[in-house]
Amino acid sequence: MAANTEKPISLDTFLIGLWRENPVFVMLLGMCPVLAVTNSVINALAMGLATTFVLLCSTALVALLRRHIPKEVRIASYIVIIATFVTVVDYLIHAISLEIYHALGAFIQLIVANCMILGRAEAFASRNRVSTTLVNSLGMGVGFTIALLCLGSVRELLGAGTLLGIPVFGESFEPWIIMLLPPGGFFVLGAWLLLFAWVKERQLKQKTAGAGEAGVHAR
Amino acid sequence: MGLLSFLTGLTFPRGVHPPGLKEDTRDKPIRRLPFAPRMVMPLQQHFGRPARPLVVKHQEVLRGQPIAEADGFQSAPLHAPVTGVVEGIELMSTARGPKTEAIVIRTAPGDSQAIHWAQPRDLERLNRPQLIQAIQEIGLVGQGGAAFPTHMKLSVPDGYDIDTLVVNGCECEPYLSADHRIMLEQTDAVIAGILIAMKALGATRAVIGVEDDKPDAIAALQARLDKEGPISVGKVRSKYPQGSEKMLIKALLRREVPSGHFPYHIGVVVNNVGTMAQLGTLLPRGEGLVERVVTVAGPGITRPGNYRVPIGTPLRYLLQHVGFTGSDASHIILGGPMMGNTVSSLDVPITKGVSGVVVLPDPEEQDLRIQPCIRCGRCVEACPVGLNPSDLGKLAAVRRYEVMEERYHLNDCFECGCCSYVCPSNIPLVQYFRIAKSLNRERIK
Amino acid sequence: MAGLGILLAGILAIANRRLYVFEDPRIDQLEDLLPRANCGACGVAGCRPFAEALLEGRLEPARCTVNSTDMNQQIADMLGVALGSHERQVARLACAGGSHVAATRARYQGLKSCRAAALVSGGGKGCTWGCLGLGDCEVVCDFDAIRLDRHGLPVVDPVRCTGCGDCVDVCPKDLFSLQPESHRLWVACLNQDPQDEAMAHCQVVCTACGRCAADAPEGLIRMESNLAVIDYAKNALASPVAIQRCPTGAIVWLEGQAPLKGSGARKVTRKEPLPRMEPLPRV
Amino acid sequence: MTPLKIELKTSPHLKQAGSVEQIMRHVTYALLPICAFSVYHFGISALALLITSVVTCVLTEHLFAKLSGKRSSVSDFSAVITGLLLALTLPPSFPLWMAALSGFIGIALAKVMFGGMGYNLFNPALVGRAFAQAAFPVSVSTWTVPGHPDRFTEFLPSTLAMPFTTPAPVDAWTAATPLAQWKFEGIHVDAWSLFTGMTPGSVGETSAILILVCGLYLIARGMMNWRIPAAVLGSAFVTASVFYWMDPTFYPTPWFVLLSGGLMLGAMFMASDMVASPITRSGIWIYGILIGFLAVIIRFFGGLPEGIMYAILLGNAMAPLIERVTQPRPYGSRKRRDAA
Amino acid sequence: MHADSLTYIFLNAAIINNFVLALFLGICPLLGVSGKISTAFSMGLATAFVMLISSVSAWLINEFLLHFNLEFLRLIAYIAVIASAVQLVEMTIKRFSPPLYRALGIFLPLITTNCAILGVALFQTNYEYSFSQSLVYSLGAGAGFIIAIVLMAGLREKLELADVPAIARGAAMSLMLAGILSLAFMGFAGLGGSTA
Amino acid sequence: MSTTPQTTAAERPAPTSSFKLVSTLGLIALFSGLLVVSVFEFTKPYIAENQRRALEAAVFRVVPGAVSRQDFLLTAQGLFPAAEAPAPGQRVFAAYDAEGNLRGIALQASARGYADVIRVLYGYDPSCQCIVGMTVLETRETPGLGDKIETDARFVANFERLDARLNPTGTGLANAIVTVKQGDKEHPWQIDGITGATISANAIGRMLNESAGTVLPQLAPYWALLEGGA
């Protein structure tokens, strides 16, 4: 079974995670870290990189071992593998910067619970070659990081008037503190989703307007 | 509760207070309407199966003569309202919409229109089944609106004992005053009818429920009744829909008819005072039901009043007779303004169940604009059944009809219209519920 | 350390073992090939049940009328069964009385819904049998197969129509029926009024004059309650001959874009609605 | 002989007087005296705030109606009410640009998002206010003295802050509200000043008597469900009494609780917004009692001196659940309790 | 109220710093399983239950790991043991109480790896809570989760009948709702500790 | 052709043997364990170093002039060097200058602020009997508002020389440390508050008052020990 589902590497393998199946904006996976750590760009970036690292390592390992892991224990194995790499990242960040470690708090360890990673392991890595998997995971990771940055930049910009800690609007800017607070996280993510929905609707309208009769179509 | 109802009068919870608007008609004695040149007798004027015609084209009929027989127990016979000639049995317009079969009779001009047909009986000697059969033979159906055959209502299924006959003299609909006049002018007939009905039911007591805006009717009835006797008068509050049988039972007896059941399940039968008056008049004489009292009122009518109208009179004739010009009115309603239906054609006949004809002017266009529900809660405060019309209306708007039935008790709604009446957003709630019910009924089928 | 690992592994292995449930993966694959319209036209409650029914061999792939034939063929190939055949059914409307040919007697004010209007004394159209033109069928059709034309008469797009029957259920005047596509001879009227009255309400009414019955092969058309009725059991005999002398064009031949009317049919040139009939209170 | 035009319509054919516009117009009328008093009280800054807030709310509503191609619902006055109430709950020195932003958020986020008029799950004015509170906590808790002699000639310095900039400090005008005085300094303001409203506070919350009278007007006209304010005020009073009884030296008197802060305004005009409250009768009582209780708990034990805004929002959030468990018992269904 | 008191720990996890609305744990189910009140409530109960189990197991594991100086295995051990414990419980329920299983069981596998569960375990370890504190903490977190998801479901059910603009339907709407809810919950900030 | 598609036995995977399951998982777990252990061992010194540096930076910040530190534990039985303490207790960081003279001690204090518990480290100089520095260790106060307790220079300046003298009997502070409204500071033991973040500022005052008021009297007998610590 596994053999014939393998996909060749293509640009799409990478791009799919960036946009069409963007884990945050489209699949709505791993929302907790997305909301919790994006009150500044630097945290968002750190979280994105950490997640990407775990994603890459664990899916690569899964892809490597895919033929040796019996079906029955595959989820359990994946979880153990993921947890291992999360622990590794946790210690690495701790060693690199105490500040970021404190800022991200428990959410580094909670990467374990990010369904995106398990989902990739299960849906992609277990059926594809290591190289393809790596490309796909990289796409997903980058997509995830970009999404985090989207949130982080808006929240930092409005919530503190800075970007990466550098003041952008000058001294007299009055920060919107709500952006750094929990409701701000929800609102900003909601606003991004609205924006995408709006863009999609516009595109759809143009498409249907151009294509004319579309024949039988279902809801 | 007891103290409260002592202070406020017997009634049910919630409901609304529309203006009475009965001043134009309630003091005018019942007058007779002339016979129209052509009478239309739909074979189905009652709840149940249509009657089967007994006459053929060109046949001459006498006033009061049976022209159609009941098709089984769940049906009622028809009697010729005039002496004349049968023009045919044709598809004719009715108030409901679809055309149905009707016997059309051309009135014989100049003929004396006395009742020429009767089958008098000694009521004392009849047992209960015979009594019921006699009632069926006179073609009596409920005069309160639903036109449910009276003999069916009075023959209670085995296993149920009726302790109380409730007689409905509330007449809570604005404009209408036919029952009011009947109680004043035909007090004896009403009481006679009640006694017959009690006998048919085996009931030991009867309560006549009358709204407190008709003190003269209450006085007239009480004057004829023995204080200790089995029949009493219950004064209930003027409130719409006090006249609905379920609400009246609640007000008078503090009992509730369980959802999906009928009053007889809790030992009660409800009849309209008009029905009782007809019973008391017709049954001893053995005559058929050929005419009824109809209130004709509304801003479009120059001679409003209560008329004794031969069944089958076309609306066009009736309106013309009461001086309707059509200049400032366009809603022609059979029944009262709260529950009645507008008709699309003046060709429809007055049938056995029509208690009033109300003609109203066109409302301003802006008053009809539908706005979103603002959840003011007035409908919830108004619904006598205790439903949530606001949610029901929203569900209907997104066509979730099953949910309405399963979770929101749609089928308990009896379309009294209180909710629509109070809604400031002009949401056509009752109409929504009718659509929902009709679609749900078909789905089950 | 490894001991701990093995211990956990053991627990997990057992646990996983217990959790294992088999579900045929082909159900998902089939569902992917289906349109997921969940319309029910195939006779089961939705696309997934249909997929299950396909797998069990209870239904043929062609029963899905929404899917393209290509896709159904793919399904058939995947399952290794024959595509099956199923004569396409489309919805047909038995009324031609748009606002330019059929009169209105009373104006209906209220929800824009045929259901609602029909409950108010029939809706106010002169012809009590005819289409009210408020478009419940248009709304209920999930496939955009029904559009009201500018006279308020529903027009079915036979390509889009999947024969789901929703319009049949919703129409309060029971004007829709599902007909095999091969039924080309069609009486677009249900009015049972006698000729004069019918003509007064609508210009395209079937007056039961009997000419179509006379011109058609014996027994194909008969007159019943002031209407022409086609016996589709004899559909093979049907041809456009029957429509030629119809004076109102109530009987049509359905082929190509617009329904074909006979040459004897009165031409309707009016575009705007008929004025409202205004019955005077005179007798 | 005039021709007859027959019209068809479903029953009922009679209609009680009153429309949505009419209700909303009367609410606006009822708010006007409060606005007038606030302008007298705080001067042109308050006036500017009221105007800004109303204009933003109405424009926002109109803009989105345009965008979505719906009929503009501006004419029904509901956005005006939202604007007025938002301004009435803000401090007089609140910068206009922040007020405009809050008004925009209130309408766009809490009303348009949910489908507009009649569908909002939360009180739009309060969502705007809560947004302001969380976004600009300093400006929203900076209070100014009432009745300042220069109030009709001079704007408060912060009022006219350039958009998106930090407002200038208003030290010369600042004062603490009665609630903050109690909470942070342990000072009890006397009930009479509270009753008449000669205290610092939000633009429209200071005069309890005026709010009471205006609310009673609406109740008398049948435009407002009296049960909500009654339940909120009653429950706040009872809760406060219990605490007062437990420790009269620490907790303020129940009268102080009723008359200070935004409780009266909230109970009368904001909790009573029927769109976001339960529709059933018992639900309304539960909702009101809950709001009153939460308001007092947040006041006494929370981080902030005032809790009515959050209490109402929480009440709004719970309204669907409350409504669900308090559906009226339909006639003839099995009885919950025997009719006595 | 003292910050270590059980009452405070409970209230803190349940409302003051609501697990979902203030700490962002368990957002996936909040967005995904809040369509209907009944489902949401079952999901909430099941989650609360799993939180309890995971809190207890985590406390035991932590003691064990600390004893052997194996704290670097904490995360792996937590997730593995919690997952297994939940599955064992699931099987037990399935076996002994089919009605309970039907009500809650179907959610159990879904929940095992959501962050709120792991969050309880990790946070209680970080706070160095005692056994009873951990227990109360997990109960509070569970209550907080139930409150959030049920409120959300109530609001969403009501919205089903609203005229929500097309582009706002779905996740965006849920997020905005969660945002407003979280705004409302800010009213509880500082509850129980800051009166002068 | 039959309309029922056959499901061949091959499509249904045969259950794998338990041994294989356990061994696979065991191997994976083993691998994980090894990986984690090595990373742990590898990062351990870095992390420890990081933490030490962070702590020292904090201690040296609150006790100006200090360059080295020594940890003590204040337990019910008295003050002991951290390594010899018989029971857990409050940590006291003694800070010394380059010459080894005690420059002061650093103590942790905490109290509930607006959002959650605020934890600070403050320095006490026995020579002036005053608090000479304060740094926030942990806070969840509102960014931009409550966090002024660490960012607002004017507020931080309060702790350059905050009077914390003991009363004559040595049982408590001579003057309770309190936070007053911004601009109302009159005495050296008062903290000038922050408008708009009253609650957070008050919390600092409360925690310092409580901590200094309880710990300093207990430390009285041990100053010699602390001084000799270096």
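In order of appearance the chains are A, B, C, D, E and F, and numbering begins at 1 in each one.
In the analysis below, a contact is a pair of C-beta atoms (placed from the backbone, for glycine too) under 8 Å apart; a residue touches a chain by one contact, two chains touch by 3 or more.
Keep in mind that what you see is a predicted model, and the values were worked out from it rather than measured.
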Tell me which of B-D and D-F has more C-beta pairs in contact. B-D
Among the chains, which is located farthest from subunit C on the basis of C-alpha centroids? F
If you average the Cα atoms per chain, which one ends up farthest from subunit E? B
Rounded Å distance, subunit C centre to subunit F centre (Cα mean): 75
Approximately how many whole Å separate the CA-defined centres of subunit B and subunit E? 60
What whole-number Å value describes the gap between the mean CA coordinates of subunit D and subunit E? 33
Multi-chain contact residues (two or more partners), subunit B: 325-326, 341-346, 372, 391, 428, 431, 434
Return the residues of subunit E touching two or more other chains; collapse runs of consecutive numbers into ranges. 72-73, 76, 80, 83, 162-163, 168, 173, 176, 180, 183, 186, 189-190, 194, 196
So which stretches of subunit D touch two or more other chains? 1, 3-10, 109, 115-116, 119, 131, 134, 137, 184, 303
Given the complex, residues on subunit D that touch subunit E span 68, 109-110, 112-116, 119, 121-122, 127, 130-131, 133-134, 183-186, 294, 297-298, 300-304, 307, 309-311, 313-314, 316-321, 324
Of all residues in subunit E, those that touch subunit F in their complex: 3, 17, 72-73, 76, 189-190, 193-194, 196
List of subunit F residues in touch with subunit D within their complex: 114-115, 142, 145, 195-196, 198-199, 202
Seen from subunit D, its contact residues with subunit C in the complex are 1, 3-10
Subunit E contacts subunit A in the complex at 21-28, 31-32, 72-73, 75-76, 79-80, 83, 113-115, 117-119, 122-123, 126, 166-168, 170-173, 175-176, 178-180, 182-183, 186
